[in-house]
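In what follows, chain A forms one complex with chain B and a second complex with chain C.
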Partner chain A sequence: MKRWRGVIVPVVLLALAEIAFRARGGPSDSLAPPSRAVAALLSILLDGSLVVGSAQTLGTLLAGLALGSLAGATAGIALGSSDLLRRMTFLTIEMLRPIPSVALLPLSLLIFGFGYRMEIAVIAFATFWPSLILTQSAVVQIEPRLTEVARLLRLSRWQTAAKIILPAAAPRLMTALRLAAGLALVVAVTAEIVSNPQGLGHDLMIAQETLRPERMFAVLFWVGLIGWGKNAALLRLERRLFAHRGDVDTGIAA
Partner chain B sequence: MSLPQVALEFEAVALELGGRTILQDIGFTVARGEFVSVIGASGCGKTTLLRLLAGLIAPSHGKVCLDGRPVTMPSRQVALVFQDYGRALLPWRTATGNVSLALEAMGVPPAERPQAIAALLAKTGLAGHADKYPSQLSGGMQQRLQIARSLAQDPAVLLMDEPFGALDAMTRQALQDEVLRIVAERGATVLFVTHDLDEALYLGDRVVVLDTNPGRIARMVDIPLPRPRNQLSTRENPEFLRLRRELFTAMQEMLA
Partner chain C sequence: MTLRRLPTSVLGVLGLLTLILLWHLVTAAGLVSKAFLPSPAATVDALVWGLGKGDLKGQLAATTLRMLNGWLLASIGAIALGSLIGISQTARAYLRPTLAFARSLPASAVIPIAISLVGLGPSMVLGVVVFGSVWPTLLATVQGFANVEPRLRDVAQVLRLSHLAYVGKIGLPNAVPDILAGMRLSLTIALILAVIGEMLSGQEGLGSAILLAARAFRAADLYAGLVLLGLIGLLSSYGLIWVERRLTRWRQAAMR
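And then the complex of A and B:
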């Protein structure tokens, strides 16, 4: 029963919201009671519109995340393994990294037009940096004994990367992926609200423009559920993959 | 062509790091199959001696030779066993996988690995632990595993850096005897670094005593105790006790 304790607070809060809304009385264009939000959620689930929106948002999210974190991890391993490369790229990275990814939405729209590609590009840009930085530091922080073992055994560069560096950095790479995935959801929904007419973000905009707050809350709740589910799934995967390793603190939450 | 009788050689070796002299005027040779213990206070550069031989670092002056050729890079002919076994093992690989790493490096075909690994684990007393990860093994077993991995290289020279320093007395004695047995079987040349005088005497054919600041050779003593050695009779041998007293006094004087 212990694991259900966490449910108490949100249920109480929802009940309070319901009571407060009913006590106030009368309809509203800006707020809706939880009961009507739940009804709206059921209706958009049943009419398929939520499924379409979710598929669009998650599809772009996954594509952008895959591109961004794969490129970031690859670059991070290269930079982590070479002081020279690190020194050569330091200034460039520190100048590009602080650009807020959503600031690139107009540019991306200009290049790709509406649709999946503009959103994927911005998500890839956003997730590239944390992947790069975290992977690089993961590689730099690899136990020096292990790199010595690789040298003593005369492992080739390729063998060292595949047999020592990648597996040694893997737990941190998973953490990087989890953080990047969280960021990707934020950027995806933002892109859809600001400029790309598709997905869950666009559904939120429609709900706002048509003055249907119950629908807005339904989608908001759904976005929260997606974020929570994605994080829980990645955490679970992380624990399963690294449970036997003495060098990994699998209790990490982020 | 027969191999030279001298396996390892330090010739007027000095090492400076960051303006500090770590080792100075180190000169000695180790014959093929000889077991030489190196002892000295911490900071005397005993570990550095091993790192020079392993090819992990290069001397500032002089020559370090293996089979008559200067050491310029690591060689799989030389295995190094670290004191901190917990860091030297791959935590994501089982005992089998850790031994396999050395075989993979040697280019042993996959089909031949399982048999070789089983034999090495059996030899180091890990037969029942093949599928365990290092985190599931005790300290003594982890060190056995590191030894098994280094033996998988089939090395002519075994360098051991205070390998039993972190283990309890019982495990330590058991491992001392196992190392002696394995080394005798293979005829390997061993350079064994320790800070424990009894251990140095018990294991070695010869003991090299290092002085500190800068690290240099203070004494070199032959240990003419009969082999195989025995934890009781060897340590009770009058010659063992005499050498122990002699070296203990010498080391006390160095510290003073």
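And then the complex of A and C:
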């Protein structure tokens, strides 16, 4: 019974919405009852349009995330290992980081035109900063004894990075990846809503413009499901991979 | 090395100047088309002109106000609702999964629904800003209430504090650091959503200004808008950190 407590609230809310809609009667251009949204979800799942949209969104998400977090982690390791470099770049990073990534959409569109590249570029920009900052702090917090060992063993810079820094910082890097992945989904859907005519965000916009609210709610629910599932999966992976190291909590809300 | 001995602030400025110099050199050498990357001087010109004679001042004010209004509304609602949920462990157990799902929804994804419900007006943008920036503060408040030291809860029971007194005297003070951290996250989200809302609805503000500048290939104006957005983000986040330090000073003093 306890496990199901969390389900009661949404079920009751949906039932109330259904009842309210039926009581009101008549079709609407802006709202749809849950039952019709479920039917719409099934129909776009079966006709494949949802699969195409999801593949486009997730594909760009993955490419942008890979690009942004790899670049961010590399820069983070470099800044984390050099005190001078860190002190020289902190102001620049503080100035660039707060630029809302969505504000770059018009610029990215200007440079790349419609399509995958403009979206990937903005996702990469958005995910670059959290990976950079979390990696940097992870590297700075590495046990000093470990770096002493590296010095004693006369490891080269690259060897130190690969054999000491990366394994020691891995749990925090994983957390950084989970946070960046959440951000990437938001940016991807936003890019598609605002300008890029592909993927789930565009499906949402089209459903709204063609006055098909049931379809709009179906896609919205699907997007929520993707976000929630992705976060749960990454959290699980993180716990499984690093269970032996105890809880890693960076204190940053996902 | 002598560079190492310089204070961090000087080194930071040096780093920033290096980047601007690099930016200048790249544009001066014509490595990148001016349509994508204007020179630093052109950007500063656009900024100065826009703030002095142009529309930039009004747009800056419009976006900042939109962000602050939505954020304040969302914060008040989130703290009130979060306290309500936070008092009762039963309510937490019932609501947490729903809240977790709602927060994993990209806030911008509700924009189409907001448009179809209230149209493309300023209230749509404000509504989306509020909706999106409610979650971090709400969840942080609930979290802060959940972390109340069990002994304090016992104290409240012994003293027979009413629910309201518990919220005011134990729950909220205990949740302040969490709430402030949540509010900081909410503020960045509020800025992002204000910009998106302006882009989609054409309401006055930096979002629509950037969009129009890009469409007209006025790259310098576009970068001027980006600089201002970055500044809003930077200043608001530093302002909140300052408030956070002042408000949680008693806590640091108590820990010493």
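To be clear about the criterion, the second predicted complex is superposed on the first by the 236 of 254 C-alpha atoms of A that agree within 3 Å, B and C clash if a C-alpha of one lies under 4 Å from a C-alpha of the other, contacts with A are read in each partner's own complex, and residues count from 1 in each chain.
The definition used in the following text is that a residue touches a chain if its C-beta (ideal position, glycine included) is under 8 Å from a C-beta of that chain, and two chains touch if they have at least 3 such contacts.
What you see is a predicted model, and the numbers here were worked out from it, not measured in a lab.
**Student:** Touching A:Leu155 in the superposition: chain B (first), chain C (second), both, neither?
**Tutor:** Only chain B; A:Leu155 stays clear of chain C.
**Student:** I want to verify the contact counts: of chain B and chain C, which reaches more residues of chain A?
**Tutor:** In the superposed model, C touches more residues of chain A.
**Student:** What is the contact status of A:Ile164 with respect to chain B (first) and chain C (second): first, second, both, or neither?
**Tutor:** Only chain B; A:Ile164 stays clear of chain C.
**Student:** Under the stated touch criterion, which partner chain does A:Arg145 make contact with: chain B (first), chain C (second), both, or neither?
**Tutor:** In the superposition, A:Arg145 contacts chain B only.
**Student:** In the overlaid three-chain picture, which partner chain does A:Val9 touch, first (chain B) or second (chain C), both, or neither?
**Tutor:** A:Val9 sits against chain C, while chain B stays out of touch.
**Student:** Contact-wise, after the overlay, does A:Arg87 reach chain B, chain C, both or neither (first, second, both, neither)?
**Tutor:** second
**Student:** For A:Val186, decide between first (touching chain B), second (touching chain C), both and neither.
**Tutor:** second
**Student:** Same chain A residues contacting chain B and chain C, which ones?
**Tutor:** Residues common to the chain A contacts of chain C and of chain B do not exist here, since the sets are disjoint.
**Student:** Using the touch definition from the top, list the residues of chain B that touch chain A in their complex.
**Tutor:** On the chain B side, the touching residues are 54, 56, 73-76, 78-80, 82, 84, 86-88, 90-93, 101-102, 104-105, 133-136, 153.
**Student:** Quick one: in the complex, what on chain A touches chain C?
**Tutor:** 2, 5-10, 13, 29-31, 83-84, 87-92, 94-107, 109-111, 182, 185-186, 189-190, 193-194, 201, 204-205, 207-208, 211, 213, 216-217, 220, 223-224, 227-228, 231, 253
**Student:** Within their complex, state which residues of chain A touch chain B.
**Tutor:** Going by the criterion above, the answer is residues 143, 145-146, 148-149, 151-155, 159, 163-164, 167-168, 170, 242, 244-248.
**Student:** What residues of chain C sit close enough to touch chain A in their complex?
**Tutor:** Contacts found on chain C: 1, 3-4, 8-9, 11-16, 18-19, 35-36, 93-98, 100-102, 104-113, 115-117, 136, 139-140, 181-182, 185, 188, 191-192, 195-196, 199-200, 206-207, 210-211, 213-215, 217, 219, 222, 225-226, 229-234, 237.
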